[in-house]
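Next come two complexes built around chain A: one with chain B, the other with chain C.
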Partner chain A sequence: MGLRFEVRRPAYPLSWPRLHRAGVWARRLQRVSGLVLVAFAVWHVFQVVGAAQDRARLAAMVSTLYHPAFIGLVLAALGFHTLNGLRTVLLDLGLLGSQRQVGAILAAALGTVLLVAAALGWRLR
Partner chain B sequence: MGEAGWWVLQRATGILLVLPVGVHLFAQATGAVDLTVRFVSDLALLVLVVLHSLPGLRTMVHDYVPDSRLRVWAERLLLLGGAALVGYGAWGLWKFFA
Partner chain C sequence: MTATERAVRIARTASDGRRYFQTFRVPCGPRTTVLDALLYIHRQLDRTLAFRYACRQAMCGTCGVRVNGVERLACYTLLGAVPGRVVTVEPLRHLPVIRDLVVDFGPFFLAWAAVKPAFTPADQSRAEPAQIPPADPDRQAIDRHRECISCGLCYSACDVVGSRPSFPGPAALNHALCLVLDRRDGAGPDRLRAVDGPDGCWACRGLLACSDVCPKGLAPSGAIEKLKRLIAFGRRWDGVAV
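This part shows the complex of A and B:
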């Protein structure tokens, strides 16, 4: 009899700190973008109700909604929240390995930049 | 509703939201969507946005509110606010499209 030691593989891959940092930032951005979208949704509901009663408010709402800075902010929040949320769902379902998380987060960020660029290109054409 | 229920609600509504968001953006950009379709899609968008945001806001309440009684009241406030927003928004959409 005696103590037996079992050699186990590390619980986390060697890139854990990098992976961890990226995940933390993705989670923070997911939360901030979600709050931006909730604020936008509440504002938009009140604007639509106001516009239904007064056509002058409709013009003001459209003017705000189609402002390039506003389009950029809302679509950046929407794009990142959607793409990073999709990454989270795939991770939860086991369809995306933890080794690919950094790449998936970068892909979500790149997709967001492309979406915003396409929207601004459409708006400023 | 249990924690698993909140989890499923957030994921399911998140996936379902892609369609009405897409229709909304396409309609705004092109104007080439039938008014009835826009009304139904916007109504679905409103309901799904509220159902999707409630679990997220509830998670934040659980993260930042340590007092359990305060958490219960905050959750009730969220549910009430969500229901009010759906009612007010649905009425506004009806008036807007009419």
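This part shows the complex of A and C:
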């Protein structure tokens, strides 16, 4: 019986690794985006309660909500938190292999950029 | 400095234990590795430089260091490929530094003890070693996680190890999964209980840094996720008999 050798793709290239610690940065962005969303939710609740008694505050809140920078910030946080959260759920369930995680993180980032670009395109048209 | 030289900045240890950096100029050819640079410094410039190496071909895992903040095997990292003006070489994180680039692997191997790393035959009465054919799905599931060379790069790269020293680390948990998936081993349930808990596999935050730096292309983060699924959902979830 002959020996069988397993041929694997070179797992450890001599070249310098790209996108090193992508998962660490994804985790950090997940936390930051989560904090942004919590801050937005708290702000929004206080604004709505205040606007119920004061129409001027309602107008100010709507003005802030439609500001392009505000739309960009909230949707960037919402988009990345959702897509990256979905990635981690798929990872936990074993439905997305750990070897594909860097691609999945990039896809989450790209999806966020597209979401923000589409929203800003709609707002500034 | 000539075009074929590179500045190599190395973490050193003074006799009083103080840490400092020392920069050397090292000739850099197209195939010069970081280990070659360390050997050049040791032989030509400073005989007191302390570092470890053995096989020079990414097999033994002895020469693990941090190169510009990235855990690498010095023997398998081209000096010319390292970005930046200066190549900074530091010892691995989360392990006590003995001197210069030499660290004490004691905590790393003590962490293995927490996952019951010894093979425990399920059938003690067998005269011959039990075999799992290479084509067997159980064997193929193990194949994705074996070949760890215990280099400690993943242990150093893992931020959870730094913040929670009782966490066994990616290599130990990867080894635990190999044994859990091995149907010849009789200690699978005990081992799963050993890695269950807030200081076990559940401490992993899925940062993937361990998989980034593994010189054998293993995915310890995937192994840890699989351990979590085996604990949470049982043996049928991944189609693997435990």
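Here, the second predicted complex is superposed on the first by the 105 of 125 C-alpha atoms of A that agree within 3 Å, B and C clash if a C-alpha of one lies under 4 Å from a C-alpha of the other, contacts with A are read in each partner's own complex, and residues count from 1 in each chain.
Methods note: contacts are C-beta pairs under 8 Å (C-beta built on N, C-alpha and C of every residue); 3 or more make two chains touch, one makes a residue touch a chain.
Keep in mind that this is a model prediction, so the values were computed, not measured.
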Chain B versus chain C as contact partner of A:92, first or second or both or neither: both
More chain A residues in contact - chain B or chain C: C
Touched partner set for A:59, first chain B, second chain C, both or neither: neither
Chain B versus chain C as contact partner of A:118, first or second or both or neither: neither
Contacts of A:31 with chain B and chain C, given as first, second, both or neither: first
Partner chain(s) touched by A:21 [first = chain B, second = chain C, both, neither]: second
Which of chain B and chain C A:106 touches, first, second, both or neither: neither
Doubly contacted chain A residues - partners chain C and chain B: 92
Residue ranges of chain A in contact with chain C within the complex: 4, 6, 8-9, 11-12, 14-17, 20-24, 27, 88, 91-94, 97-99, 101-102
In the complex, chain C residues that touch chain A: 58, 70, 73, 76-78, 81-83, 134, 143, 157, 159, 205-209, 211-219, 221-222, 225-226, 228-229, 237-238
Contacting residues of chain A [partner chain B, same complex]: 31, 34, 37-38, 41-42, 45, 48-49, 51-53, 65, 78, 82, 85, 89, 92, 122
Residues of chain B touching chain A in the complex: 11, 14-15, 18, 21, 28-29, 46, 49, 53, 56-57, 60, 85, 88-89, 91-93, 95-96
